[in-house]
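In this document, chain identifiers A, B, C and D correspond to the written order of the chains, with residue numbering beginning at 1 in each.
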Amino acid sequence: MDKIDQTDEPTRRTSYGQRRKDRIDALAAASIDEEPGISLIRSAWKRLRRNPIFLVGLAITVAFVVLAAIAPWIAPWDVTASPLLDKVRPQTNPVPGPEPGHLLGGDDRGRDLFSRLLVGSRQTLVVGVFATLFGLLGGLTLGTIAGALGGWVDSLVMRIVDVLLSVPSLLLAFTVASLAREPSQWTLIIAIAIVQVPIFARLLRGAMLAQRSSDHVLAARSLGVRPWAIVFRHMLPNAMGPVIVQATLSLAVAIIDAAALSFLGLGNPDQRQPEWGQMLGLAQRYISEAPHLAFYPAGCIIVVALGFTLMGESLREALDPKSRR
Amino acid sequence: MSLRRNPATLTAAVLAAATLASCADSQRDDGDGDGGGGSDDGTFIFGAAGAPEMFDPFYATDGETFRVTRQMFEGLVGIKPGTAEVVPELATEWTPNDDGTEWTFTLRDDVTFHDGEAFNAEAVCYNFDRMFDQNEAGQTAGEYWGYVMGAFSNDAENSLYQGCEAAGEFEAVISISGPTSGFPTMLSLESLSMQSPKALEEGDANGIAAEGEGFSFPAYADAPVGTGPFTFGEYDEANGTITLARNDDYWGDAAQTSELVFRVIPDESTRRQELEAGSINGYDLPNPVDWAGLESDGNSVEVRDPFNILYLGLNPEANPALKDLNVRKALYHALNRDQLVSTQLPEGAAVATQFMPDTVSGYNTTIEPYAYDPDEAKRLLAEAGAEDLELTFAYPTEVSRPYMPDPEKIYEALRTDLEAVGITVNVKTASWNGGYLDNVTAGKYDAYILGWTGDYDSPFNFIGTFFGNLKENDFGTEAYPWGKTLADDLRAADAVVDDAERGAAFETLNQQIMDEYLPGLPISHSPPALVVGPGVDGVVPSPLTAEEFDTVTVGGE
Amino acid sequence: MTQQTHRPSQFGGGSAEPLLSVRDLRVTFQRHGEEAFHAVDGVSFDVRPGQTVGLVGESGCGKSVTSLAIMGLLPDRGNHVEGTAVFDGEDLLTLSRSAMRDRRGSDIAMIFQDPLSSLNPVVTIGRQVTEVMERHQGLSRKEATPKAADLLERVGIPDPKARLANYPHQLSGGMRQRALIAMALACNPRLLIADEPTTALDVTIQAQILALLKELVVDTGTALVMITHDLGVVAGLCDEVNVLYGGKVVERGGRHGLFKNPRHPYTVGLLNSIPRLDAVRGEKLSPVPGSVADNLPWTSACAFAPRCSNAIAPCTQETPQWDGDEVVGFRCFNPMGGPR
Amino acid sequence: MCVVVVVLSMLVFGWLRSLPGGPVSAMLGERQTPERRAALEAALGLDQPLPVQYAKFMERAVHGNFGVSTKVLPGEDALDVFLSRLPATIELSFLAMLLAIALGIPLGYIAARRQGSYVDTGAVIFSLVGVAVPVFFTAFLLKYSFAVEWNLLPVSGRQSTGVDATRVTGMFVLDGILTREWDASWDALKHLILPSVALATIPFAVIFRITRASVLDVLDEDYVRTAEAKGLTSRVIRGRHVLRNAMLPVTTTIGLQVGGLLAGAVLTESVFSFRGVGDALATAFREKDYPVLQVLILAAAVIYVLVNLLVDIAYAVIDPRIRTR
């Protein structure tokens, strides 16, 4: 432990302007453990099992994923149908209230709100997962190239990554989303993914660099294993711990960012398939007369984002060598 | 009631005008009761959705600017409050010569500008010459002049306006190139208001310049001087408030409140909350969803008569299948517009039977709406061999217009109907300022929703705008065999001098457009509303959304 | 376990009453939901004025925890301390927090292992010295400053006045340790606990610091508890040596006796791991095999048994008892060498 | 830094021009025809090739002229628009940051001192909830409850209409104090409370967590044990030894949060119709006011760099390891 503290020391002193990078790097450093791989996860799990924060996060996340998976089959109504349309009157009754068969009432198009919330979990999950996945893939590519090749490639890639990191993330997503000629769910996903790329790139590159000089990589190299085989078989798998942590946190960020972009009108224009962020955005019109229309999706977003955040933060703490005492 | 353009009915016109003027006067009198004088009669605070561009109405283009300048400026002709009718304002009467090219305006003799300058025929001609004589930047910035007059002094032959002459101290003669239904109604446009020649001169009012992407305005644009019931106070940019003060020397009845404040609150729900908190006294275009709630909280929602049209535009150049009239009719029959109007649009909205609201002259009352008949739609599609019709159908985001409070929802309803008859809809969208309009004009969409709010009472201002320009219109009428005929007929009808004849010509055209051409599908007319808080009286809602606030009183508790 | 009775020491330091008398000290770490761990498991020893006592053992044997427990510096939660540590008639373990604060730094001072990390990087050396005097002697900063310079001079720091304004990172490792010693000595403590004071230093510096400590102890008559894993350090300094293993004292003796005639196999192992200049070339150092992770529980065996070359059957079945008194003794079923 | 700004200006310029629509669409609305659009574009020089436009822009910019705003404050130079909006945002961000620091640091310290206690767990969860709730939703909830439902604070804006106030700096609270118009100052402060609380949630969560982690790190440091061994009073230990060291990373974090504050200000200011830079940015985006957008984005970058520079200087002041290197 002392050893790790000491290697950390110079980082903390020199790059004093970049705490955010430090955090990512510290996470990356977590991948160099004396006994990489399974035992790390096992010891982390041992700690996590007793962490109430993690358990709450896990419960929320599992419930969310399960709901998203089975939503279309348990939703009482077709989310594109408008069974309550006859009751919609723009002034007197813009949003039909609850009634038997419609637990939470309908939305402004007379569609069953409860069903839309249920099924909305699906699209929300899709946006979160794909945004994180794309971000991860981009970051993986950049980080692997930089970390594996080193030298000027590393400098160049990292310079770009640092510039991207310095732009406030939401502003960047906002910019990318408004750049799209024809907004769709995918432009939303890509906008959010781009924000994630530099974070993953830096994380992976840090983990790679840390491992380039580690014993098992040196051993593999001395045995004449081909460089790319080393990268994919030895370095990448060992960098997965911090990546999983960051991905969990990114899922929360992606869901919140999607909500913010939808709020600004940059979300998915096709409002048939419900998505929470978009439902929240559309509910702004009824905020005075039917605030519940905004509260339900907002509540869902908050709970799910909280679930991912709680889980991610406790995972990070469990993997952080400093907190293991 | 369209009387004033036929020389034969000259006398009648004058009489009618006088009557109307007195009507307006008596209305003002009614509201007067306890007001008047230079005392402090309270402040009317109006929540504006956006900041004004500047304060010279000539260069202004948006409603938020006009709403402010309207309180300070007047034109030669005005609009009767609560209607779209033209009434005398700074001119008491006007008479054209026989061919309708020279118009003599008799001016009020008791008007002075806010800076003390006298209002007379010279001032009128100074104003017209000033508007006519624009530099390059001014020609693009002076959009409304370009729109109604066609050209500026550097291209004088193509301009409707030909000159102005002071025939007497209070008699101005304006020459135009030829008769049109728009003149002199167009003089009621806020942009063509009368401004103080001295202030224009001193403020270098025409010294507009293009700089980068925008126009830099001369000093005058921040210190406007008109003749209206309010004078310019100050623009507190940091706090987003514009303060106007009562003009105590106003020629008519003095404004009822001593101060008029516009406060910029871009967010709709915030405007409502501010109204309920009592920090503003009213705002424009309340969300129809909120109307009932606002009323029950003691506010009054003033619903205007609709003066707009929402339509589903079709572009045969983008999708050749639409060239078949039966296909277009099928689309029309597929739309359940009654349900749309009742479930998506505010009370007072109506299903449209043609491309203009019934308050416009030339409206054809005999046209029957296309029935909602999905079976007929399917039959027509089958007949045209277009059962598998695929339609790229678009709507705009980030916008709310009087004719479409919520484009997304209207679109969703239309899309559902179209899909119900077997049409495949490709959803397209773009933000209003972010390419939607470009894509519409560039013909990128097969179908789209769009609309129009009338500038003044003129049929040509509606259907002329839509189909009058053959080369450049959003409906791609050039692709139809009848496109040119329609454009020519519209221009011919517009040039008819006699009001009744012209009205009849436009009625016929409306019938033809709906029966034989159907270049697009008129959907509905929506009434935009205005809301004022408890204790506020005297607001006269205008179909042109051109309310004047001088009659407004802010009652106490 | 045998209860030890008091008897005057026969090694150095005269025959005065013990300044510090630790009896049956136990420190148990227990994290929520985890098994309890006895870091210190019934340690007893005495320190008389002027005497230097060594606590020796590998890392994890409980020597540092013993010193922290005496100083009251163990973390607030997650541990449990039993036994007594009587200092000057008062049991330090039952003193109130504030009373303990009053003692620390004035009566009892401590020197730590890593001089760099033990110094606050953002506070000047001078301030770190004077703050002790301000706290315990009621001096103002102004009054304390010249005294601090004197102190630095005493511990052998050249140009002491200039050094006062320096930050730790501007000093060399040896200077830092000297500064740390100066801080510890600032209020003339009666007992000084030095926890591996030379481990983090170069060999040449180590000797200087040890010499300095020895000199200071002799000069001031301060009692010293020397905690180290290095019997070599002990050899030159300590009057009495306690060898700790697995939280228990496994052997105790005077410096000379212990080195000459070690009884516990662990002590023997430690002695063998000291590099000797006179060793035959090529002869390997023989460290104790295995690690503390292999320990057996003291309750039913000798904790050292798995690593012991001398282990016999009872070693894995019973707890070895203390064989000896509070001055000399060991804890082993099968001791090495003959009786002293 | 100049190079960065020039490169960024080029990127921003090119990017804005590549967006569909634009100022002309915003000006013409339904009246737009290709003909009229072309005329307006010609008048504004938008029909020229991009490099030419950029060259002209740079030429003007060198003379301190950044082009006039088309919509936010038409006719004014974009830089003036930014400068006139800046005081409001400074006022808002300053108060938000003050709240975040005043709450985040003590709470972070207490949580660290009582690591694992209910206070700690509660504070950690609270901060994570702060992360999970989208800032615009926080803003909305605050407005809805405190301003609309309970009528305790103003709904929106910076100062009530009719308050007699003299403008000096543009920071209304300060102006009121300078001119001794206490009413105006108090009124402006009341308008500031809700937006700044909403905005503070972003930096609060981060400052709290960094403080907690940093204090935990420092508490583990040997020099704290040394200080304890010296018998120093807990006040001295807390102030001189724990907090002074723990503040180093917190200082950097505060600097980095400025970027996040700018993004948050866009959302917060729009919810509260607070006329600051964020509101100008939102309006400029909606109405495609390119000159203003350019200046705002460049200014944000410059401010970000400057603040980080200040942080580095501050860091050097409190960390002698850097100062005396």
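As a working rule, contacts are C-beta pairs under 8 Å (C-beta built on N, C-alpha and C of every residue); 3 or more make two chains touch, one makes a residue touch a chain.
By chain, with names taken from UniProt: B = ABC transporter substrate-binding protein; C = ABC transporter ATP-binding protein.
These numbers were taken from a predicted model, which means no experiment stands behind them.
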If you average all the Cα positions, which chain's own average lands nearest? D
Name the chain pair with more contacting C-beta pairs, choosing from B-D and A-D. B-D
Roughly how far is subunit B from subunit D, going centre to centre by Cα mean, in whole Å? 40
Using mean CA coordinates as chain centres, what's the gap between subunit A and subunit C in Å? 50
Subunit A and subunit D: spacing of chain centres that average the CA atoms, whole Å: 24
Can you check how far apart subunit B and subunit C are, centre to centre, with Cα atoms defining each centre and the answer in Å? 92
Touching two or more other chains - residue numbers and ranges from subunit A: 178, 181, 287
Touching at least 2 other chains, the residues of subunit D are 19-20, 248, 282, 319, 321
Where in subunit B do residues touch at least two different other chains? 273, 398, 430-431, 434-435
Residues of subunit B defined as touching subunit A within the complex: 268-269, 272-273, 287-293, 339, 342-347, 395, 397-398, 406, 408-409, 412-413, 416, 427-431, 434-435
In the complex, the residues of subunit D that touch subunit A are 15, 18-20, 121, 124-125, 128-129, 131-137, 140, 144, 210, 216-217, 220, 248-249, 252-253, 255-256, 259-260, 262-264, 266-267, 282, 285, 300, 304, 308, 311-312, 315, 319, 321-322
Subunit C-touching residues of subunit D, taken from the complex the two chains share: 116, 221-223, 225-233, 236, 240-241, 244-245, 248, 318-321, 324
In their shared complex, subunit D is touched by residues of subunit A numbered 12-13, 16-20, 22, 52-53, 166-171, 174-175, 178-179, 181, 252, 256, 259-260, 263-264, 280, 287, 291, 294, 298, 301-303, 305-306, 309-310, 313, 322-323, 325
Interface with subunit D, subunit B side, in the complex: residues 43, 45, 50-51, 53-54, 61-62, 136-137, 139-141, 143, 146-147, 210-217, 221, 236-241, 261, 263-267, 270, 273-274, 276-277, 279-280, 398, 430-439, 441-442, 450-453, 469, 472-473
